[in-house]
Each structure stands twice: as structure tokens, then as C-alpha cells.
């Protein structure tokens, strides 16, 4: 049952991609951890919307399932866990920045330009991967990485990784409507184990160092 | 190789070398307004020493004992090499100018070791100075010899003898070889053959521990070396009168002219000795360097001016 | 070919390798077994080399594929055979000597025996290598095993340092060699020397120049050409003496082989400037090498610097050969090659002899410091006599072998003078420098022999010295005899070298060397050492006769030497430093000597000097101005780059981000 | 069948080691399991090299020559590491560095780590390849942090974050590839390697370029290409030595394996020198960047880690250069380096336990303190720096030669210079450690028979392959070369 014609879907997805791009950029100057986690949830919502557009346009049950999963994981579970962790470790709410907001923002915009420069000219117009979708996904990856490297707290780095994965997710949703089943399962397991392992190591670090400021992790040099 | 010439050379060296030294000494004395020793005095000395008892350092070894013989033999061999009466070397085919230099080095090496053998510190001092001068003389000597060898294309001693024509190159080479001759014969301004003062002596320092027969042989050998060096000047630069064929008359003329040239060169040496003072030891390298430079200039002028006769 | 079984030519290498295994398998062996095996290998190698040179060489001996692109090919041509001869001859003496010498070494000799045998094997393999891979393989193996021999006494800091500098310099030089080889390989598409030779002929001149320069740096380093020599005076003395003999006598000659093989046979002989460059380097190395030797008071370091000098002399001959070949004078080039290669053999013989002698002195006195030696001729007559032969030979005194090769070198330089002004002046200047070198070398060995063996012993240790073991004396006597034989029978060596010069320039060198005086005066200067010795002996007899007939029977008595009236003490003797002092002053601009005198005054009466500390030496110019700045710069740069790994995860993420961005931008 | 056996055995072994109640039983299970894995892996490789690619579970698992080469490296180094672990962990327990109850976990982690790598080498799907490689990070991070010291945890954290971020980019590359294949081949083609390589020519070059860049940076982080290598010295130096050996000898090659898979598709899909030049660039940069860190270094295991960067760079350079010579030398180098590095890390393990430190300034006179280890230290150093008669000399010679042979002498010269300086650095450190006088306090260390095997086998390989590469091995390498597009040598 197709409820949306392709052209409308494309226009909607294009808009959503731009909005996602805006949230990614918006996360750069944010100083409060809580706000940046909320922004992540907002990104999740936009991703869910994108998934919904795809679902309406294709009508496949798989796609509807994806919408539900997105809402659950990207909007509720992951931000929830992060907020929980934020309370648990009782760190200062303010994030220490390695770079003042203004130049950081300029650099982030530079990264977006790079993304457009590289991915813009590719022939991707057929299907749901609209003109802005691929560059937006790429930008989200790069900007996510960028937020990791300007922030000092271990938790904010995890936030960055999640932001990067949101970029990947956008790509998955609009370009390929998901991965082959085996791969999708593998990726999911990896993600789960990854979170687990990071949690284990972070806990041990917290126990040993009494801090998760990564600037304390600088004894191994040269 | 020519046996007759060889024996002539050997005989001349044995007999005339001490005489030549006597002449030089007399001439020096004359120029200094002294009445010098008789011309035969070197001969008398050698004769006397050969019969005297020899005193040997208690630290010395067989090197001390045999070095004088080798010194004497090597110089005598060198004397056999140089062309004297005729324009060929008596030992042509057996050795050349480089061999001549080698023989002189061999003799010096033997004497230097003998001087160290006694444990006397005068020996060490003499060795140190003599070997230093020798090292600086050798390039000058070799370059000068090369400048003579280039036109002939050969280091054969007979080939170095020119036809007596005068050229820039020859004059420069003569200058170089003359300085070498002064140094090699141990004369002022390089060394002083008459002194036994530790501040000044080089060659004599090495002889200091010798007495008796070995000393006699060493003196004799030194005289022969002087003769060899002067013959090396006489032949290539003043070839007039040298026999170009081996028959009686030219040889006789050669003998006469050879003896005359020796006396004249000896007088020149004496003149230089009388007119100069001994150089400070560390000025000597400059003099010897000048000799090398003269030799190189001689070579240059061969190529630029167009050769010597 | 007259050799039905070419595999026989592999036998020396096989025997050496067997010796290595034996040494490891029988760790209790005190060197007899392993060095006995090495002796057998060397004897066989000598026989095979002589046979190959006299009866014709077998060509390709073996080929073994390590990997599809890496083939170990071996070949014996006249040039290889000649160097095989050099290696094997010295191998005989060093192995013989080692049997007695190693008796005093502490600890297990298994490693030493294995390394020693492998060292000989690797050198043989280098000269037989016929492919790039084989050459580099053997070349590096040679450096590696000799390194292990050098650091035998590794507890001493300076030994380790010597080993480090040695191996690093030779490895870096191998890198140059590798580059040179690969330039040829790129053109040939094959690693076989035969193919490289063909390809080199088609290469543009610039490429061949590159190959030549790379080879020159590489082999120059190994040979110890100034200023690439700094490892040599450290490493050679650090090794046990029979190894020093091999390193100084043979290994650096293997570099000369390499220069001829690569610079001449594969890529050359090249334009005239190659020869001029070699000649210049040779002259510089010869003069500076002997000057530094004169400044040394460590017997083995002194000998090591003489290796630098003699490599210089060899290179003067070879440089003249390159030059003459480039200027179209094959006959004269053959003569110059003969001169250089003859000196290769000669230097191998007398330098090995001298190092063995130094080892004997060290074993007997436990010191190498000249200032602590003296008077050994009375206690070690055999060592003294053989050392004297070596000293006279290296000082180029007739009628020993050093004189013959220097004579040939002078003749080659004279041949240059027929080729116009530049070559002529260069030749004469080189001859002058060669003469200077000869004079200084004679001085240096008067010092080395005189201070070590003559006079009074300058220390207790020297006074208590005893003559060394029989096998050591045999090793030295063998080499001393060779010095004489090679000096008296030059025609023999010329005959052995005839196929070598034919292989490289196509003609046989015909210097007027003879055993008997020639009936006709020769055109280019002639040398008949045997006749000359006859004459010298006759005149020596004449001197005896004259003395006796004029003076009667010999009379002598023994007395203390004249000491100006005071009792002579050993410390009053002229010291090695004092002996060489005039040279230090005359050449001070080159040598940059320094001196420090510190007087301690008596506490109560300041007039009295209670002690004097005197320190003198020469500034290590190359280390100071060439190597130290280079190393400093490199290390400073490294430190700066190391700051990149600053421990900050955010920096690392930044690198990741930047890398990605850069690569992405490159993608478009 | 052997393929499935190979993939289940590590899991069984690991679980057995964890569950068996006694330490000695766990050690026995570990050794026996490792031997089984070795035999199964070699048998599989022999089958592949003898009779062409093997597959199982439909087309899910697929092993071709390249995969077989990786499997050989995994099982050989894995086996040696397992043997070496026994004595090593016993001594760690004896010295109080590791609580006795953690030993089972160690072996479980070790075999799980092997398993993830074996999976990476056998899957026929680029997506699953990604999953497996990401899994190697997760498992090995725990092993890196095994000692729970500050430094170990720091290393583990950096390793985890850097590799996760890197691998995220690789996933983006996988997605792009998937999109490209879906566009032209239809959604069914998916990410199956055999399909992709067969139709690589039809894929959109622009997309594949981008995909390759992301895969290269992503898997390259894992492979340790400079300047993405920063996690590597930390992780290698802090992990237990047998794990370091596997990290360096094998894990990096798994990352490289990922790169090569994408490289093969891309070099077909994108005409021209795009992909080779990128690999060449990263390879050269890695070699060059490693140099100063080797030249000036204080920690032995970090030194070895930078050697890994250098050698991965060499292999990448070889592949980038291409041609039969470069590829042959590069692929053989992959194995040679694994052997030499395993040997050196085991040596480092012996030294660090004897001297109680990995600081090189405190390790002296090893040649007399522990003669065999000291000798192997020198031997390994000469081997890793490419001195004959050791194996790496042969392959480095080939790689540098390939630079000249492929008309790229500048590459060859850069390599020659870098390798020469590397030698000066590495040899200097080894010389000081092996000789001199020792003043440090020494800990008692007893070498067991298993450690002896672990040290002897790689030594034998690096000596043997330096003197003679048997034709069967040569032929196997040649098959890989053919797969990578190089002709017959």
C-alpha cells in the first residue's frame, strides 16, 4: 500500500535531510551535556520521520518496522541511557571545550562544505537518496567526529559516536532501506556489544582514575 | 747493465765520496777565513774509526749492530744506479729513479730504527727530526724527478739525462732538486753536519751512540749519499761531457767532467752553507714545500711552454 | 673449460660453513677445531684460486633460487679468483694464528668460531656473487658476522660503540649500493649481473653516473675512504687481532672488489671524471690516513689508520686505471689496474701480518698503548722480526712487496702525464702526495716498531712479556715470507693478474718487471727486485769485508747509553707522542691538535709542582663537523615529529578527521 | 566441513578454558585447542591453495587464496601465542600481576579474539566482514586492558574509541558500496563478495571512489596506517605480550585484508591509478612516520609497535606499486612480518618478565642474563630490520625493487632511506639491551617447553624463508598475487 508518491517523498526527505544537517551543526556550540543529548533525541525523531516517509512511499512492512525501531532506539533508549549515565557519573553539566564556539562552528561549516563538495556531484537522484541526503549523511559523520575532538569528557565522546551513527542511519534509511538481514543483525549485535565493552572499560577507568575526563588519559606518549 | 760502468761507479763512490766531503769542508773553512782540515781528513777519520773498538748500548739489539752495514750497502747500491760517466745508468733494467728513492728510504729506515734501539733520547730526537724532513723531502724529490721523466716518458735514470739545453722547466726542476740536495745531505739551512748540540742536530743525533767501526761505515755511507745526490744534479742538468758511447775516450772525458762537476756542485753547497744560517726547525717545511712547488711549476711549464730538450 | 667439476669451487664455502656448524656443535672446543676447518678451507681456496687464475676460470659455478625474484648465483671469473686468492691467503695465516691466540680468550669460543668461519664464507660469497641478490646477501652477511666479531668484548662501552657505528655505517652504505643496483635493475628487468651489464650499456650517462656514485659511496664507506672512514679506526682495533687482520687485510679489499665489479665492470668504466674522483679520494685518504696514523699511540688504531692510507694508495692506482681507460689508453690502464690490484694483495699480506703482530704484543703485554711498550725485541724476537718485515713492507722499502706495488703506481701516474695538461698535473701532484705518504708511513713505522720493540720497556707489563705460541709465530712467519716472495717475484703476480686485466680492459699489462736485469734498457723504467737484492747482499758483504780488511777483527763492548751523565730511566726515552710531534705541529691546520697541561702545586710551597697532568690529542674533525651535526639534526627532527603522538585522544581523532578530509578532497 | 570446524573450535576452546575448574586444565585445553585450530586452518589453506576457493553455508562463507593466506597467518601466530601464553600467564600470576581467577577469562578472550579474526577471513560478505572486524576491536580491547593498570586502561580506551570511530567510516563505505551495487545489480546482489567482484566493472565509479576512501580510512585505522595509527603503540605496549604478538602479527593484517577487499573492487570499478596511489601514499606515509619513533624510543614494546606501522606501510606500498614483483614480495612479507614480530614480542615478554620492565634503558646484558632470549633479541632485530640471511631481507628487497621496476624509483629511494634509519634506531636499542652490564633487579623466570616451541617456530621460519622459499609456498603466494591482479613472476 503506497500512500506517498515518489516526488513528494523525495521532497520531504530532502527537507528532513537538511533539518538533520541543521541539528548536527547545532550540536557543535552546545555546552550543556543535557542539551546535546536532547538534541540527539531530536535527531532520532527526524530520522524516524525519514523512515516513515520511506515506509509510506514503499509500503513495505519492513519499513514500518524500521520506523518503530527508530523511535524506540534512537529517540528513547539511547538518549535515555546517556541521560542515565550523565546522572550516574555526576559530572559537571558544563562540557569543557577544546575550542571556542565560534571557530568551532566555522570549522564545522567547513566540513559540511567538504561533504557537499565531495558527495554533491554524484549521480544519486534516482530512488530516495535525494540531492541533499548523501551530503547530509556525510556531514553528520564528519561533524559528529568533530564534536568528539573538541570535547574533553569521555561521555561527550560517546555522544559524538552516537551522532556519527545517526549519520550512518540516515544513509541506511534513505539509500538502501536497510541492509541485508544477516548484516543488519551483525551490526546490531556489534552495537550492543560495543556499548557493553565501552561501558566496562569506562567503569574501570572511572574506578581507577576517579574521573572520566579524557585529558587525564595522556600518559602514553611518543 | 754494464759491469765496467758499475765497477767504475762503485769505485768512484768509495774513493771520491769522502774526498768530496773534504773539499766541501775546506771550502767552507776558506770562506769563513779559517784554515780547515786537510781535504783527506774524512778519509783519515773513516780509516781510524774502522779500526776502533765499538761501544754498544746495553739495550741495543741486532738492529743496532747490522743497521750500519745496510745503510752503507744501500747507499752504495744507489751510487751504482746513477749515471755518472756515461748517459746510461749502470744498472739500467734493474732499477730506476724510484728505486733510487727507495734505496735512500731503506737506508734511512735502518738508521732511524738503530737510533731508537739504544734507548738514548738523543737517538729519538734525531729520528724524529730526520724522518720529518725525509717525509717532506720525498714529495719534492719525486715531483722533481717526474718533471724530468715526463719528456722522456720514462723513470729510467739514464733517460732523465737531457741534452744540456736550457729551458724554464729544467731551471725550475734544478731549483727544486737543489733544495732537495741541501736537505738530503743534511746541510745548512736544513741541518748542520758539524754540530752535536741537541737543539740543532738531526742526522747527527742518530749517530750519537755509534762508535768505532759502525760509525766509520755510517760516515762513509753518508758521504756516498752526498755523492749520489750531487750526481743526480750533475747528470740530468749538466750532461756535458758524459759519454754517449762506451769507449775509452768518451769515458775518460766523462770521468774528468764528472769530477769537475762534483767539485763545482760541492763548492755551491759550501757557498750556500756559508751564506745562510740554519733555519728554525718549523721553518724548514716551508722551504721543502717551496721545492715541491718549484717541481710542480716545472711540470706546468713543460705543458705550457712546450717541453724541455 | 678445463674444469669438469665446477662444484669443487663451492668447496671452500662449504668447508667454512661446516666449520661454523662444528664450532656451535662442539662448544668445548678452544678454537682448534673451528679454526682448523677454516685453515683447510683457506688452503683449498688458495689452491682453487691459483688454479683458476693460471688455467682458466670456470664461469658460473652455481645458481640457487631463494625466491622467484631472488637468485643466489655464483660465478668465478678472474677478478673473483684473484680476490678469492687474497681472502684465502690471509685466511691461512689468520686461522693458523688463531689456534694459539684464542687460548687466552675467556668464555666460550663457539660463537667466535662460528662467526669467524661465516665471515670467511661471506667474503668468498661476495666476490663470487653473480646477481644483485647474491651480492647484497653476502655483503650484508659479511658485515653482520664481522660485527659479532667486533663486539666480542662487549662489556666495554667503546667496543659497543665501535660495533654500533660500524654496523650502522656499513648498513647505510649498503642502502646506497642497493639504490645503485636497482637503477640498473630497473633498466635490465633482471637481477643477473650479466643482464645488468648489457642494460648498463644502453643506459643514459646520467643513470650510470648515479650508479657509479652510489657504488662509490657504498664501497668507499666499507673501504674506509676519508671522510667515510670513521668506523674503521674504531671497529678494527676492537676486534680480536686475527679478526682485525681479516677485516683490515681482506674485508676492506672486498669493497675494492665491489668498486671494480660495479663501478667498472657493470656500469663503467665511465667518463674521465670518475677516475679523477677516485684518484682524488685516494690521494686524500692516503695522506690524511697516514697523518692520523702518526698521531695514534694505540698500536691497533695506528694500524687501522694505515688501512685508510693504503686504501688510498690502492684507489690512486685504480683511479688512474679508470682515467686511463676513459682516455683511451688500455695498455696503461691495465698497468694501473695491475698496480692497484697488486697493492690489494700486498696490503692484505702486510697489514694482516702487522695486526697479527699487534695481537701478539697485546697478548704478551696486555696493552696496545705504545707509551707502555718497549724493548720487546729481546723478549719476543720472532714477533719482532716478522713485525719488522711487515713494517718495512708497508713503508714501501725495497725489495719488499710494498715497494713493488708503489713502484707500479708511480709508473701508472707517470702514464697519466702523456695525456695533456690536466691529467699530467694531476698525475704529478698525485705522485707527490704518494711520495709524501710513503715518507710519512716510513716515519710512522719507525715509530710503531721502534717504540714497541726497541729501547727499554716502558712498563712492568712490557718488561714481563714472553714470546707467543708457536702457531701464532707460524701465522706471522707465513705472511712475512709472503712479503718477501711477493717483493722478489713480481712477475709471478703479474702473471696471476694477467687474466684479470684482460677481463677488464682486454689487454695484459706489461710493465718491465723482471727477475733478472734486462739486457736492454727498458723504455718505461724497469725493476728487477731479485737482482737488486743480489746487489744489496753483495754490497752488504763488501761492507763487512771492508770493515774487516781495514779495521781488523771486530771489537765491541757493552755499556749504558749516554744520558748526559745521569742514569737513564725508561720514562726518559723519547715517547711516541714526542717522536711524532714535529708532524703534529707542521700539519696542525689539518690535524687540529689540542693540548691540555694541568699542574698541581704542592700545598705548602707553591713553587713545587707535585704533579702534572698532560693530555694531548687531535680533534675528531669529521665527527665534529660532518657526522655530529647530521645526527643532531636527525634526532631533533625525530623529537619534533614524536610530539605528534602526544597522548591526547582528541588529537588522534583530529588526525583521523584531517586525514579523511584531505583524502576526500583528493578524491574529487 | 573443515571450514565450519575451524570456525567453531575457537569458541569451544575458549569456553572450555573458562569453564574448566583448574588452571592447568584450562592451559591444556588452550594448547590442544590452539593445535586443533592450527591443523584445521592449515588443512583448509592447503585445500584452497590446492583446489581453488572453498565455501560453506551456502555462499555465506567463502575462502579464496587471499583469505587462505590470512587464515594461515591467524592460525600460526594464534597457535604460537597460545603456547606462549601458558608460561607467560603463569609467571604473571606468580609475580602477582594477574589474579589467578582471571586466567580462564584470559583464554576465553584470547580464543574469542582468534575467532573474530577467523570469521573476518572467511565471510563472503563485505557487511559481515565489517561486523567481524569491529568485533575484533571489541574483544581485543578487553585483552588490551587485561592488566587493569592505569596505562592499560588508557590504552584500551583509546583503542576502543579510535577504532570504533574509524570503523564507523568503514561502515559508511560498506553502505555506499551496497548502494552502488543495488543501483546497478539490483537489491539482491547485496554485499556478497563473489558477486561484487564479478560485476565490479558495472559499479558507479564515483560512488566506489567515495566508498573506497571511507573503507580505506576506516579499515586503515585498524590496519595501523599513519596517521591513523595512534592507538597502536599504546595497545601493543600495554597488552600482555602474547596478545601483542597477535595484535601486531595478525590483527593489523585483518584490517589490511578489509582494505584489500575494497581495493580489489575499486581498482576494477575505477579505472586509472586512483586506488593504487592512495594505498601507496598511505603506505609510504606509514613507513616514514614510523621512522622517528623507532629512532628515538624508550619502551621496547612501543618500538615493536612502530615496527608494525612501518611494515604495514611496506605491505601497503607493495600493493600500491603492484606488479608481480611488488605483490609477491608484499604478500610474502605479510607472513614474514607476522613471524618476525611474533618472535620479537615473545622475546619482549621474556625480557619484561625477567627485568620487570619494558623500559629499554633498564634492560642490559640480556645476552648473559638470558642467553637464548638475548640471542633471539638480536636475531629478531636483524630480521625485522631486513638484514640477511633473514626472511624480511628477501621481501623488503623485492618491495624496494618493485619501486624501481614499476618506474617509481622515488618510492624505492624513500623506502631505502627510511629503512636505513630504522635500522640505525632499532639496532642501537637492541645492541644496548643485549650487551653491556646489567644493574637491574631481576625476577626469576623459567622457560617451559611450550615457550621454547613458541620461540623456535618463528625463528625457524624467518631463517628458512631468508634462505629458501619452498616452491609450494611460493606457488601459494603466487596464487594470491594472481588474485590481486599481478602476473607470473
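Letters A, B, C and D mark the chains in the order given here, with residues in each chain numbered from 1 onward.
The criterion applied here is as follows: a residue touches a chain if its C-beta (ideal position, glycine included) is under 8 Å from a C-beta of that chain, and two chains touch if they have at least 3 such contacts.
Just so we're clear, the structure is a prediction, and the values are computed from it rather than from any experiment.
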Pieces of the assembly after leaving out chain C, positions unchanged: A, D | B
| item | value |
| --- | --- |
| Top chain pair, ranked by how many C-beta pairs fall in contact | B-C |
| Chain nearest the overall Cα centroid | C |
| Furthest chain, CA centroid comparison against chain C | A |
| For chain A paired with chain C, centre-to-centre distance based on mean C-alpha positions, whole Å | 70 |
| Approximate Å spacing (C-alpha centroids) for the pair chain A, chain D | 32 |
| Separation of chain B from chain D, taking each centre as the mean of its C-alpha atoms, in whole Å | 78 |
| Between chain C and chain D, centroid-to-centroid distance (C-alpha), Å | 44 |
| Overlap residues in chain D, where contacts from two or more other chains coincide | 157-158, 161, 165, 169, 210, 233, 293, 296 |
| Residue numbers of chain C (touch at least two other chains) | 642, 645, 649, 651, 653, 656, 660, 664, 667 |
| Residues of chain B engaged with two or more neighbouring chains | none |
| All chain pairs that touch each other | A-C, A-D, B-C, C-D |
| Residues of chain B that touch chain C when the two form their complex | 1, 47, 49-59, 61, 63, 68-70, 72-74, 76-77, 80, 88-89, 91-99, 101-103, 105-106, 108-109, 112-113, 116-125, 127-129, 131-132, 134-143, 146-147, 149-150, 153-156, 158-159, 208-209, 212-213, 216-217, 281-282, 285, 292, 295-296, 299-300, 302-304 |
| Chain B partner contacts - residues on chain C that touch it in the complex | 374-375, 377-378, 384, 388, 392, 395-398, 403, 406-407, 410-411, 413-414, 417-418, 420-421, 424-425, 427-429, 431-436, 438-440, 442-443, 445-446, 449-451, 454-456, 512, 514, 517-528, 531-532, 535-536, 539-540, 542-544, 546-547, 550-552, 554-563, 568, 570, 572-574, 578-583, 585-586 |
| Residue ranges of chain D in contact with chain C within the complex | 157-158, 161-162, 165-166, 169, 209-210, 213-214, 216-217, 221, 227-228, 230-231, 233, 274, 278, 289, 291-293, 295-296, 325, 328-329, 332, 367, 382, 387-389, 393-395, 397-398, 400-401, 403-405, 407, 409, 412-413, 416-417, 419-421, 423-424, 427-428, 431-432, 435-437, 466-469, 474, 478, 489 |
| Parts of chain C lying in touch with chain D, wherever the complex brings them together | 64, 66-70, 133, 136-137, 140-141, 144, 151, 154-155, 157, 160, 163-164, 167-168, 171-172, 175, 178-179, 182-183, 185-186, 189, 191, 634-635, 637-639, 641-642, 644-645, 649, 651-653, 655-656, 658-660, 663-664, 666-667 |
| Chain C residues within the chain A interface of the complex | 642, 645-651, 653-654, 656-657, 660-661, 664-665, 667-668 |
